[in-house]
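Handing you this structure, nothing more for now.
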Amino acid sequence: MDNDRLRAMYQEMILEHNKSPRNFGPLEGHTHYGHGKNPLCGDDYEFYLEVKNDVIERVGFTGDGCAISKSSASMLTTMVKGKSIEDARKLSETFLEFILNEGPKESLGKLKIFEGVKQFPVRVKCATLSWRALEQALLKTKHIASTEA
Amino acid sequence: MDNDRLRAMYQEMILEHNKSPRNFGPLEGHTHYGHGKNPLCGDDYEFYLEVKNDVIERVGFTGDGCAISKSSASMLTTMVKGKSIEDARKLSETFLEFILNEGPKESLGKLKIFEGVKQFPVRVKCATLSWRALEQALLKTKHIASTEA
Amino acid sequence: MTTMLNKKVDFPVLNTTMRGNDLVYLDNAATTQKPKSVLETMNHFLTKENGTVNRGVYFLSQEATKKCDDSRKSIQLFLNAASEKEIIFVKGTTEAINLVAYSYGELLKAGDEILITELEHHANIVPWQQLCLRRGCILKVAPITDDGHLDLNEFKKLLSSKTKLVSFCHISNSIGTINPAKEMIKLAKEVGAKVMIDGAQAVSHLKVDVQDLDCDFYAFSGHKCFGPTGIGVLYGKEALLEKMPPFMTGGDMIETVSFQSSSFAELPRKFEAGTPAIVEIIGLGEAIKYMNSLDFTEIQEYEQKLLNLAQEKLGELDVRLIGPTHTKAAIVSFVVNGVHAHDVGTILDMEGIAVRVGHHCTQPLMKRYKVSSTIRASFCFYNNMDDVDALVRGLKKVREFLG
Amino acid sequence: MTTMLNKKVDFPVLNTTMRGNDLVYLDNAATTQKPKSVLETMNHFLTKENGTVNRGVYFLSQEATKKCDDSRKSIQLFLNAASEKEIIFVKGTTEAINLVAYSYGELLKAGDEILITELEHHANIVPWQQLCLRRGCILKVAPITDDGHLDLNEFKKLLSSKTKLVSFCHISNSIGTINPAKEMIKLAKEVGAKVMIDGAQAVSHLKVDVQDLDCDFYAFSGHKCFGPTGIGVLYGKEALLEKMPPFMTGGDMIETVSFQSSSFAELPRKFEAGTPAIVEIIGLGEAIKYMNSLDFTEIQEYEQKLLNLAQEKLGELDVRLIGPTHTKAAIVSFVVNGVHAHDVGTILDMEGIAVRVGHHCTQPLMKRYKVSSTIRASFCFYNNMDDVDALVRGLKKVREFLG
């Protein structure tokens, strides 16, 4: 039973993103920046977005943490790329509602895979950390030097 | 049984000294001074001795406290008056040995009456306070202004 | 006198015999007894679930963390604080006041004034004196009237724009006075002062609502409200706590540490250095649950009946009552004329009656009343009319023995 | 591997099952379990004898006072301190260090140096940083070598007549290093520095003799040596404590209080403001009694066997051991190559194995080893070879799940 719970959390796709995170690395010329940190377990990620005409054109992240937080960060970057700020925010809200409460998962696509984490209350923070950082990034525009404006 | 224990502590003579303490009041022209204080219960006494040629000629005390501490102070003054410093010290030692440990009481005269206090461990300090102050007084000479020397 | 709350059954210690009699426990202002539920919760935790908090990914630690979080939440609701961030665990009222004196004190400068009252416990005097010595602040003291109530006129006169902090007891531990906290806070706020309430005696007697009071700090001790020793609470308004530097530092209260510098965790952990008093926090949570099961209006009425009876019966003896006779909690302070309090205490003890004798950590108040000590009988809702009778019988015995 | 101490029977929590398995408790450096005798003593006190201390003339209070005095006496003997006055009750190691930083700190001036080591817990770093900020002192840090031992040469070089205090852990909570305390103290004394030892991890592993060490301060926490949370001890040399101002102030630590000024009680009460953690003091006394029933030489031998076995078996897995492999306590810190510590912790938890993952409140040490966190298995004499085997099996499962 415990093995099942573990397998439900550590899904293949999660482990795969953990091993080979997408969009990993800092992003030159980013317009938005967010920082997510869990001082208790040491997870620490930075997110960089390049937003043009309200659309997230490019995205990158750096940092380190557990398999759940890293795969969550990686999948986040793949999910929000190409989305409008508005849509990215909505996705974040839906995901957090799904993980933290009993929110619906229909619109979440492959993020549903994090359902297994809900069985591990202390690990829920690992899954939400990067989304919190994204929300922060979407609030705080980082104005890049004028040539880029 | 408890009444017996109480009666053993609150002997007639103790109550009588408590009501009418002997040698009560400060002593002009004293040569020695001691202060005894129990911050927990508030007992607070000052002792004044006039010593001439190594003999305690006069003695007085002031202060306030419970029946045990006050009668102990009062009886102390009557017991040490006229004694040599050496003999007063010995008496103090014997009394403390008797109250605190299992020391002999033969030489204690009417101080034996404090035996009942030994049944009340928290009250033992009340009986010993003035003797501690006496020891302090016998150590610390208070040099009075030269005309008296 | 029909309502008997009859709560003794919940408290194991109250069902022990003492020197051949039923224990008559009248030292509740010093420490209260703990209900079975608190004892069982603590014992269960220690025998079945003991683990540390905050840092463990393993079950025992997760459970302990959750229980401590739950306890903080209950305390927030109990005090009606706006947020859990405003509930800081300390070891007791004394630490709470010292925390404020050290930390809020860092924001004060020479010449700033701190106003307390003549009623205060040493814990609400000495930390301010020490702060004044450290930073050149000035301690002012609002007097009371002969009948033991704050002199509100004098209090008003002492308030000025220099007053940076007003700190007073909600209820006097020594003579039972209930301070007009809301009015005092309003007056203090008019001159821009912050207000700290020493609630050590209050939480077990009346319903406290920190938002309604509008105080900036509120402190109490677990062991005086049916919880364990070693734990207490400092409530502080979030915005103010944010501005204050940490008091004690170390593990659990930091964000990052390097040898060059450190940054601090968010509230409430910024003020909670080190391994918390885990089983004590859990025990306190259970004590809060117990208090939530009580009706404080009913309790107040009942305790007032006990108080009235005690004052009436003591009035018939040759004793002098010290302090107020109304607008007070069920705490009676008195001296037996011609007999020292210590002797009274010993004789009552022989009857299985526990009262406190001494200065009750309020030496300046004793001086105000020109006594070196009093006998204090402090009641709780689990006391009953028989306890009052026992006290009176005991005092008659004092006369028998000591004349 | 014949001597099995077989002490699990004394510790109720160790006999619970966890997620279907026997609990394997390997987080002893965070907090230890408590023997039955401690739990029973505490529960007995709270259900039968609860009362406050120091001030009561009545039976319950007299008994509580006596028990707390007895506990202080046992601790004095346990540490071989010269006098009971040197034993100060605090809530834990963190408060003990803060007490010294605030109080002894008042005797320091700008430019004075405080020397710590790279091994320290945040509790032995941040209070000194804060002191340096308050008083303009300078914090120096003695480095360790790659194998986790203090670099004694560098330590010597950092000592000078400016060094006023040297503070270091007896045993590192993070990687288990046992510091050469006696030698370090001797060197520190040569330049006239005072020495504080953070003994949080030591008292449960080795026999401590403060007079033989000749340290000025020694601190430990009750909950890390089989006692309750909410209580700890600061040992200090009497002459030095006498010179230091009080830290927290309030009831029980004063002699006289007036609104103008106050004078303080004698040691140890000068440093013990407020109602003490009574049942916790009594519980700690019982924990000391339990430790006195053990043979520390035997325990050390046994724990070294556990340590050797653990290091040997872990060495066969794809893990990196962090820190020393000898002259250390039975604390093993490691990372599983390619797997984050947090994930390891979760999978071990599913097997009923409690280990700690994270920075262990030693961020600078983690940085020194270029890791953000480690897995730490910390053993106690009540652990056995089966616990080591369970850990190894658990780590194999980690590989299965996380590749």
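A, B, C and D are the chain letters, set down in written order, and residue numbers restart from 1 in every chain.
Definition applied: a contact is a pair of C-beta atoms (placed from the backbone, for glycine too) under 8 Å apart; a residue touches a chain by one contact, two chains touch by 3 or more.
Everything numeric here is computed off the predicted structure, so don't read it as measured data.
Of the two chain pairs considered here, B-D and A-D, the higher C-beta contact count falls to A-D.
Compared with chain D, the chain whose C-alpha mean position is the greatest distance off is B.
Taking the mean of the C-alpha atoms as each chain's centre, chain A and chain C sit 47 Å apart.
Our note on geometry: chain A versus chain D, Cα centroid distance of 39 Å, whole angstroms. Separating the CA-averaged centres of chain A and chain B is a span of 80 Å. For chain C, the set of residues touching two or more other chains reads 19, 55, 57, 254, 256, 342, 346, 357-358. The residues of chain B that reach two or more other chains are 40-41, 122-123, listed in rising order.
Note for the complex: chain C touches chain B at residues 19-20, 339-343, 346-347, 350-351, 357-359, 372-373, 401-403.
Against chain B, the residues of chain D that register as touching in their complex are 54-55, 57, 62, 254-256, 265. Listing the residues of chain A that touch chain D in their complex gives 2-3, 5-7, 9-10, 15, 19, 40-44, 64-68, 70, 120, 122-123, 126. Contact residues on chain A toward chain C in their complex (touch as defined above): 37, 39-41, 121-123. By the touch criterion given at the top, residues 12-13, 16, 18-19, 23, 25, 27, 30-31, 33-34, 39, 42-43, 46-52, 55-61, 91-95, 97-98, 102, 121-127, 129-130, 139, 141, 221, 223, 228-231, 246, 248-254, 256-259, 261-262, 273-280, 342, 345-346, 348-349, 352-358, 361, 363-364, 367 of chain C touch chain D in their complex.
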